[in-house]
Amino acid sequence: MDRGWCALVVFVALLPLHARGAEPPVSDESDECITCHEEVTPGIVASWRRSRHAQVPPATALGRPELQRRMSATAVPDKLKGVVVGCYECHSQNAAAHKDNFEHFDYRINVVVSPNDCAVCHPVEAKEYGGSKKAHALDNLQKNPVYHALVDTVTGVKTVGADGIHGAPGSETAKAETCYACHGTRVEVKGLRTVDTDAGETKLPILTNWPNQGVGRVNPDGSRGSCTACHARHAFSIELARKPATCGQCHLEPDVPAFNIYKESKHGNLYASHHTKWNWDRVPWRVGRDTEAPTCATCHNSLLVGADDETIVARRTHDFGARLWVRLFGLPYSHPQPKDGRTHLIKNADGLPLPTTFTGQPATEFLLAPKEAAQRQAGMKALCGSCHGSTWVNGHFAKMDATVREADAMVLASTKLLLQAWDAKLADKTNPFDEAIEQDWVRQWLFHANSIRYASAMGGPDYAAFKNGWWNLTHVLQQMHDWLDVRQPKAKKP
Amino acid sequence: MDRGWCALVVFVALLPLHARGAEPPVSDESDECITCHEEVTPGIVASWRRSRHAQVPPATALGRPELQRRMSATAVPDKLKGVVVGCYECHSQNAAAHKDNFEHFDYRINVVVSPNDCAVCHPVEAKEYGGSKKAHALDNLQKNPVYHALVDTVTGVKTVGADGIHGAPGSETAKAETCYACHGTRVEVKGLRTVDTDAGETKLPILTNWPNQGVGRVNPDGSRGSCTACHARHAFSIELARKPATCGQCHLEPDVPAFNIYKESKHGNLYASHHTKWNWDRVPWRVGRDTEAPTCATCHNSLLVGADDETIVARRTHDFGARLWVRLFGLPYSHPQPKDGRTHLIKNADGLPLPTTFTGQPATEFLLAPKEAAQRQAGMKALCGSCHGSTWVNGHFAKMDATVREADAMVLASTKLLLQAWDAKLADKTNPFDEAIEQDWVRQWLFHANSIRYASAMGGPDYAAFKNGWWNLTHVLQQMHDWLDVRQPKAKKP
Amino acid sequence: MDRGWCALVVFVALLPLHARGAEPPVSDESDECITCHEEVTPGIVASWRRSRHAQVPPATALGRPELQRRMSATAVPDKLKGVVVGCYECHSQNAAAHKDNFEHFDYRINVVVSPNDCAVCHPVEAKEYGGSKKAHALDNLQKNPVYHALVDTVTGVKTVGADGIHGAPGSETAKAETCYACHGTRVEVKGLRTVDTDAGETKLPILTNWPNQGVGRVNPDGSRGSCTACHARHAFSIELARKPATCGQCHLEPDVPAFNIYKESKHGNLYASHHTKWNWDRVPWRVGRDTEAPTCATCHNSLLVGADDETIVARRTHDFGARLWVRLFGLPYSHPQPKDGRTHLIKNADGLPLPTTFTGQPATEFLLAPKEAAQRQAGMKALCGSCHGSTWVNGHFAKMDATVREADAMVLASTKLLLQAWDAKLADKTNPFDEAIEQDWVRQWLFHANSIRYASAMGGPDYAAFKNGWWNLTHVLQQMHDWLDVRQPKAKKP
């Protein structure tokens, strides 16, 4: 080959597909969508054009070697095979089930694309996700009276009367912007409204509790979940889902400080400092080679392979609890992971839908047995072993086991002070979340013990020390003690 | 063309201007500045060399199509036209007005470059900015006795005496490093000092309250503002001003948590994960194409166009409140945006320079009328409409309207407890900021209600929930109640 | 040269070494390590392959001009000269001193690589570091009874008894995940354990308090420190050590908010917005040219040169306090930097191992004399002068001097309230850290005064104002006063 050509070929190979003149095949329907929406909503069309969906028809994807494949369906309907995944391909699936389906300039369109629609090409992911705690995140709040009392106590507007503070239940909007923003809302259709457009009049569904991309959203087709929570519209990128800020939208301090602790860990330090050099889009992901340190996805759900590009280090899962043995947050005391994503089905020894009792006894039959928990921990140790020797790994998990126990003991100490307050009628346990000492108690487990446990798991010493950890547990315990002390003459103490 | 040449041309086109051998024309004066300052202050010379100012003379800039133009002057003085914007071009403008003008090795130089100097090339931006709340940020603190009492109460050194805590007014240094760091200082000339340099002795002006780059800085030429607050010296880059960390230097938690909430929003998640791939320097900015998600600048001030590169989605403004209808922070209650950037001119029904009364009644005549407020909200909805359908957008703003009302109601509940404390003589309202229950009240609106309102506007559920929102509003309301309760026998309560 | 070739040569020059076919020479021993470990721990092998250690043999490095050299040894043992710095080269040094040395498939291997091992090629860095406060960070906690009382009070599990809260000393695991995570642990060998591997049975040392990468770690060879705290395994990159998130793993809020304040400073704003365009790997670092703004390393330890690439702006140091004159954190009151990294050797006027007394008198003979402190401040001013004029720099440091004094005065006011509590027997000074008013006092200096001092030094106005500064100092002072007030009838006050 001529030497000049040679340089040019190298150059051209670096250009993206569309710049090389090959136009990926778009369906006629999607093409018509784009014609209008390129003007009406140019941002999302531009975003979609950059997506893999806009580049690769399912037929091409199905031809890839198994480990490199990003879709889990082994076949798709003929109509979808040869065209790229455009507007119409996603917004027209399973129309009969979609109460938000409406006529839109001679097409039947769903407003909301649900996990059940994504399942046409990604059935394994949809199924794994469907069984997870994430898919049931809304039910797990709403169907659990204890949790829901906390939601309402926090989000309700309070008024001040002569006899004290009065709380009302939280409004739908307040809940949608707080708890349900992550847990999901119930999206239902309440009729149609008429709008004028440049293309003429059209009728659009009126949706309740919308917009929402919470992971446990109940969709107008009855399905649960929102894939766009992590694979944001309209690029649906694997890179985004692999980056920690995505998980960090919901898993952040003070109650679920996973992202914050990651950021101050050595893994997070490497991510912050070097992530622009990593290979974010590759499937499968090669440990240490595509990235220098793990992100959330690496340890919790991605498909990982070794240096030979074949040896599987971890299989992909979209049940984000599937690799975990112990549950570090969400309840006063740590406990083995639940067997079922529907945690509202758990009953503890007191008959409450909680995985432990008020003093920490686990609701054993609903939770992983020790053997399975040990297997899962061994699996995680093997994953860490890609970069760390066994002495390192064993030391790390021994520390974590000890710390989780100590954090639980500190919560128990706080619980004992709360019980003293209730026994002495200084606080009323009818609602365990609305008085000052009760709120202090909530802070102890929801913020401080959680931070210590997470910090132990991922290596964030400041969260364990002064930021929201041992210092705070110690200080608030003293505050609870002093709150009692001021109100209760010493002689009357138990 | 020879094929080898072809590859080389592509290559060379990717190199920056100065690497191609074309030396942009520098004035003789600036050239002499550089000769010394390349040795004395090499950092800023290197920074300037990378700037657009160092590459493009105004004559070239004026030849650009209107939408692509970065300067708003339609003509500049002949002397400036053909040379790049160097040291002397900026540091010598309007010398007569500059009390900081001094003789420096046979040149007359201003230390501080003010918005009035930048206006030579950027008059529209300077004028818009000059009418904004930002330009009057220092006056709006200093000329408002209520705000200034808060400043002094916070920043003054306290001493402990036999009868309690004594506060002194804040020192100029303490204020310069806290409130005035963002609001701006008053920079005045207090004589000259003699310094020895390698080039001989020179006399430099002594400036008060310097350094400072606060947005409302009062400059030695009498002008207000600091362009370098956002377009930092000496690159003055549009990229920097478009990136959220820049706004986030002042708009951050706990009192103005705009940046923090952006970071945990989906927009912020996309920014954090993908921003290195976005097109930061282009004018005009194409929605969805140059960036995948908005930054602060996108929604609040940048010139935006659609996919055709011509349809204007939003016009540029340097009055950063010009697109806003409701003011979410800075006062206990939300209220319509003020009509004038000089908020110290407002009088509420109690005669105080505040946009609402103590219980939330707006000072209507100084604030946007409902019709204009509605027009502005419609403008913002249209901007959101570049990427979101009308069902999404309407749902979002309906939620926000409801939440802003609820946050105000929670502040009102807190205010009622404070009034109880004042009525019962448990706190002294002479200074409404210096006792514990008063400080709790300040936290309610300045930190917690603000966080909830911002979180509603931009989608940051943790700030609305546990980080600094509903949980905190609820908890501190209870603390205020308990503070009263311990000090006030129940029988004596109103 | 043919023109096509020309383009190709430019191209090839941009490719990394190993892509060009030149295989760097790996020792036979390291080659054998890699053969197994590429399978067993693929992540760290991949990481090492990207490192400079894997590319450049010491002989090549020694041939570089002095200012560009990254190793400070002028000669190395012959065996090391011609091979790259691989597994065996680091993990086999000084075997006799290493109690963690073990036989591993016919090689003698150390688990832990210590600063003493790195000193074979980097002796100047190891020596500087060895004399610093970092190297003695663990001793400075453990050998100081006051500090260690704070450690134990914070990290111990508390229990609630009838007579109040009982504390136990912190466990080794709790301390390893909090204070000692940064300060370092004592890593000792406690026997061997047998493990099965694909290559057969092997015996591995059992290490106490491992893993740990704290800066003051006491290693199994008796040395102090951990180079990998900043130059993380197995890339040991200078880029990582120059990026602020690395320092920020330990220097972060609430107690040492250096990283947080940097992030909200203009320097941090420029870093966040532009760092991907900076030149992170170059030695020496050219101010303003390789980076647009300083990072922690720039001001505190890197070798810096001017525009001519020769004039030294600052010499490299691995004693990170060597450029500092005043110590802003770690004790209630600011004070001149200690003369010796072993701060546990200091004795104040009360005989305690602290650099000031309880009311702020400095332990003068152990601290820098005014003249040397002034010289160091002048050195830092010169460094700032690379980008800022002398009017700017003088104004900045005058503000800082004033603020440090004011923050100390606020701590003193808090100390007086604590003394009132002790005098009135409302708190027991035996342990000065375990009661509510004592914890408030700790917050005043450890969180709030520190934040104000750092914010002054680096320009972070929100940390000085509402985030953890003046507002908080003022509010907690009032809380301390009210705590006393509720417990102490006014008539009985002093």
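For the reader, a short list of remarks on this structure follows.
As written, the chains take the letters A, B and C, and residue 1 is the first residue of each chain.
In the analysis below, a contact is a pair of C-beta atoms (placed from the backbone, for glycine too) under 8 Å apart; a residue touches a chain by one contact, two chains touch by 3 or more.
A quick note: this is a predicted structure, and the numbers were derived from the prediction, not measured.
After Cα superposition, the angle needed to carry chain A onto chain C is 120 degrees, rounded to a multiple of 5. Of all residue numbers seen at the chain B-chain C contact, under half occur in both copies; the interface is built from largely non-matching residues. In this assembly, the C-alpha centroid of chain B lies 33 Å from the C-alpha centroid of chain C. In chain C, the positions touching at least two other chains are 2-5, 7, 276, 486.
Partner chain C is touched in their complex by these residues of chain A: 2-7, 10, 263-266, 268-270, 272-274, 276, 286-289, 292, 306-308, 311, 385-392, 395-396, 398-399, 402-403, 406, 409-410, 413, 416-417, 420, 452, 455-456, 459, 461-462, 464-467, 469-471, 474-475, 477-479, 481-482, 486, 493-494. The touching residues of chain A, counted against chain B in their complex, run 2-5, 7-8, 11, 38-47, 50, 111, 153-155, 157-160, 162, 164-165, 167, 170-171, 173-174, 176-179, 181-182, 195, 204-207, 210-211, 213, 232, 235, 237, 239-240, 243, 245-246, 248-250, 252-255, 276, 434-436, 439, 446-447, 486-487.
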